[in-house]
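Labels run A, B, C, D, E, F, G and H following the written order; every chain starts at residue 1.
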Amino acid sequence: MRETRDTFHLAIPARDLDEAFTFYVTGLGCKLARRYDDRITLDFFGDQVVCHLSDKIDHDVHMYPRHFGITFRERADFDRLHALAKSRDLEFFAEVGDRFAGRVEEHLTFVLKDPSNNLLEFKYYHDPRMMY
Amino acid sequence: MRETRDTFHLAIPARDLDEAFTFYVTGLGCKLARRYDDRITLDFFGDQVVCHLSDKIDHDVHMYPRHFGITFRERADFDRLHALAKSRDLEFFAEVGDRFAGRVEEHLTFVLKDPSNNLLEFKYYHDPRMMY
Amino acid sequence: MRETRDTFHLAIPARDLDEAFTFYVTGLGCKLARRYDDRITLDFFGDQVVCHLSDKIDHDVHMYPRHFGITFRERADFDRLHALAKSRDLEFFAEVGDRFAGRVEEHLTFVLKDPSNNLLEFKYYHDPRMMY
Amino acid sequence: MRETRDTFHLAIPARDLDEAFTFYVTGLGCKLARRYDDRITLDFFGDQVVCHLSDKIDHDVHMYPRHFGITFRERADFDRLHALAKSRDLEFFAEVGDRFAGRVEEHLTFVLKDPSNNLLEFKYYHDPRMMY
Amino acid sequence: MRETRDTFHLAIPARDLDEAFTFYVTGLGCKLARRYDDRITLDFFGDQVVCHLSDKIDHDVHMYPRHFGITFRERADFDRLHALAKSRDLEFFAEVGDRFAGRVEEHLTFVLKDPSNNLLEFKYYHDPRMMY
Amino acid sequence: MRETRDTFHLAIPARDLDEAFTFYVTGLGCKLARRYDDRITLDFFGDQVVCHLSDKIDHDVHMYPRHFGITFRERADFDRLHALAKSRDLEFFAEVGDRFAGRVEEHLTFVLKDPSNNLLEFKYYHDPRMMY
Amino acid sequence: MRETRDTFHLAIPARDLDEAFTFYVTGLGCKLARRYDDRITLDFFGDQVVCHLSDKIDHDVHMYPRHFGITFRERADFDRLHALAKSRDLEFFAEVGDRFAGRVEEHLTFVLKDPSNNLLEFKYYHDPRMMY
Amino acid sequence: MRETRDTFHLAIPARDLDEAFTFYVTGLGCKLARRYDDRITLDFFGDQVVCHLSDKIDHDVHMYPRHFGITFRERADFDRLHALAKSRDLEFFAEVGDRFAGRVEEHLTFVLKDPSNNLLEFKYYHDPRMMY
């Protein structure tokens, strides 16, 4: 179990802040914490993601080695986020799939792509001890 | 406050997994959760960081737009991590500094560099409401 | 998730304190924390509502822009409160309805009216991330 | 102690949503959860405040019978919010004062006024049992 | 919700400490915290009950005005305790009954009698808001 | 540590319910949960105390074998309750004393007497492991 | 309920540290916290187990008087760990059995043997009050 | 942070159960959960220790490879337990010492010996991240 008092933070590039706002707040349902000229800070599922205005956008988009996201403890939370992404027409990089089927590490996963080509993976493990 | 039941996860490149193990586990005191041929998974301050074996290493290292880390709620935790990093000779990209002095967003920060040039920023805000 | 150590507080008008006591404590099942000549303070689902003796009562009652209430995380809590309100003959301003059907923001809601025409809305969202 | 899983919600009038955003998000440090044409929803210290576009603004502003706010458990949180309000030039309706001095109910309080004349009171009780 | 850091404590008479130990520890499954010549202290469902050696035993046993016990949040905990009491042949003063049927305050209850005629009532409310 | 979801409940006699209300709610700062013709139910520091109208009042008042109260984890909570009792002129059966001085079980204690001669003891142990 | 801030720690012998790593981390899914020449420290289901390099290995293996393990509150956690042990071919000293059937203490249990002949017992009680 | 819902359990030998009771309950302040003819079960700082009647007692007592105990998060808890052990004349195998001084792993430690020669180590780390 993680501490509630500390937060993870992640800085990522955004080619346009309004576009990032639309994807993360209006789309994904994250909360906007602060807005500056060169970045917006988000409460991303309880942690902090900062979108920095930047031209260092990946144009050749691959799953590895860089992506981020949330691993849900409850299957219902995974399903609800998937439904939200479909309902709000967020762009999928990969639809729901089952990885490591038949092994203890088996998990469901889907991947979204934000407007600046950052990849967001959401996961649900059948055995929560595999979340790490 | 964030949920304890879900975890943030972040995938980053590592040019060598033993080297990554040495930096994150032996050095930074993270826990090794799993080891595969192509990656190691870490319990990084309660969230998951996965080091993927990769040759996509940044050689031109900048603070923006990509870095990650922990924002501590308690000053003592920030200080202890800084002491650990000094004591164990981890590489600093930036020593402790004070950002936004005199403003509500004021915070202490220092930045480490892992062997694959990923930047890790650790922060402490005087006002915890600014953690987001 | 919200902090447990702080509380929200809301002050509202009451034309008569005994009447307010009857509605909030005997009816709605809130706890009376304190009673003064000019107000009563209530533990309202864990937060504080203060009924101030006042003649500034709204006579033209509308849902917007002012109302307050609780958003339940669990459907069973919503249903139980609805059953309590029916069983104890509390006055409904609006019976249970489904708002934003088919959208992610979809939620169940009903609205009570206290004897001083304050409106209390109770909600349940299918996706708890929409509670904010 | 209150439940963490439910949230209090309060609807208030706003004459202008950008102005409300500036006061609550940029100023007070609340998080923007959602924005619609006719309202914005805020994560207000862990609970939900919704600003509805409305012309029902109070022009004759009084402390009673309507106001809302947060009662802090820790003195430091009260002081930090006061410092933030001063630093960011938020409008005070009443500066820090000591109410019920010498009695068990003694508490510190200050009151802000949002651009639509809603009053926000922040309190700190020396005896936390008086928070209700 | 109650604080976890404080505990309720209750002192009751016991005509014989070994007998009290047999009833509360061996029977009811409470934990023995301390034993002195004139009393035993128990961790009674997380709170403290102290059995004081005394000849002030009630011989005329009534449900009112004195009894004590636990109100369970979960039905399963109520049922399990009842099963334990049956399985271990603890003395029932009243078998499981349904009080206030059809009202919001409806709850299940059964009552045990310890060897010194103290009555222990265990309850389960259909609506947990009625636990107070 | 005790469970937060269950509550302890204690039934005690009261010769007069208004008097009991004055002592427990107006005086001691407990919350009134419910009022019936023959009893009032209280949120007593997070647990439930029920005052039943009764003529079975103890006229010969002794500390043993029957009394109840709260053991505080924090010294400040003990001190604040003592200050409240003094400030509001509650009747002391025993002023603050130090029991078992020099032993591990050492604790501070004071005892109040309610209008129906029930004794309430409040304690603070230097070593919290002795709270049971 | 136990405190989350403290941890239990247990030191056990290991004839070979790589072998211990393989059993506890790769097999059982525990996290490696630290590695030294003469021991490895593990986050074992939230507590600490330290494997010390030693030749004091038990060759005559019995269930009593020494073994250790985890008692799960939820049946699903027990079942998942059993599935993991089967799937990863960990050595069973005893397969799943039902102890004290028909009594309140009834529980499911299985026992693993690590490469240094330490026995690990995992349990699930039907009545969680019997976990102690 | 560890889960509160599961418990660690450890079985150890005891040459005499009354003697074990005296050491663990009367001495160390653990709670007795259950007593059988061949063992006693203890709530040992929130986890379960079971003393099994056995003649497999270690006569040649060494710190490694077998011992167990608690690592405290707070220095005050460590100090209080040490004071208790001194005050109640429990047998020390090793007095308070400072291990790994000057390193991040630095911690205070003392070791008790129970009547059956089991060693109990209690620790306090200056950096709580080293508790694992």
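Throughout what follows, contacts are C-beta pairs under 8 Å (C-beta built on N, C-alpha and C of every residue); 3 or more make two chains touch, one makes a residue touch a chain.
To keep track of the chains, here are their UniProt names: A, B, C, D, E, F, G, H = Glyoxalase.
Not measured: the values here are computed from a predicted model.
*Asks:* Superposing the C-alpha atoms of chain A on chain H takes a rotation of how many degrees, nearest 5?
*Replies:* Chain A sits rotated relative to chain H by 180 degrees.
*Asks:* If you tally contacting C-beta pairs, which comes out ahead, E-F or A-D? Let me know.
*Replies:* Spelling it out, more C-beta pairs touch across E-F than across the other pair.
*Asks:* Could you give the separation in Å between the centres of chain F and chain H, each centre being the mean of its C-alpha atoms?
*Replies:* Spacing between the chain centres: roughly 35 Å.
*Asks:* Would you mind pulling out the distance in Å between where the CA atoms of chain F average out and where those of chain G do?
*Replies:* The computed centroid separation for chain F versus chain G comes out at 44 Å.
*Asks:* Between chain C and chain F, what is the separation of their C-alpha centroids in Å?
*Replies:* Computed value for the inter-centroid distance: 31 Å.
*Asks:* Going by the touch rule set out above, which residues of chain C reach two or more other chains?
*Replies:* 1-4, 29, 31, 33-34, 43, 46, 132
*Asks:* Considering only the defined contacts, which chain D positions touch chain B in the complex?
*Replies:* Per the touch definition, chain D meets chain B at residues 4, 29, 31, 46, 80-81, 83-84, 87-88.
*Asks:* Give the list of chain F residues in touch with chain C in this complex.
*Replies:* Touching chain C: residues 25-26, 29, 31-35, 43 of chain F.
*Asks:* Which of the residues in chain F end up touching chain H in this complex?
*Replies:* Chain F residues touching chain H: 1, 103-104, 126-127, 129-130, 132.
*Asks:* Any idea which chain G residues touch chain H in the complex?
*Replies:* Chain G reaches chain H through residues 1-14, 31, 33-34, 41-48, 52, 54, 56, 64-74, 77, 105, 121, 123, 131-132.
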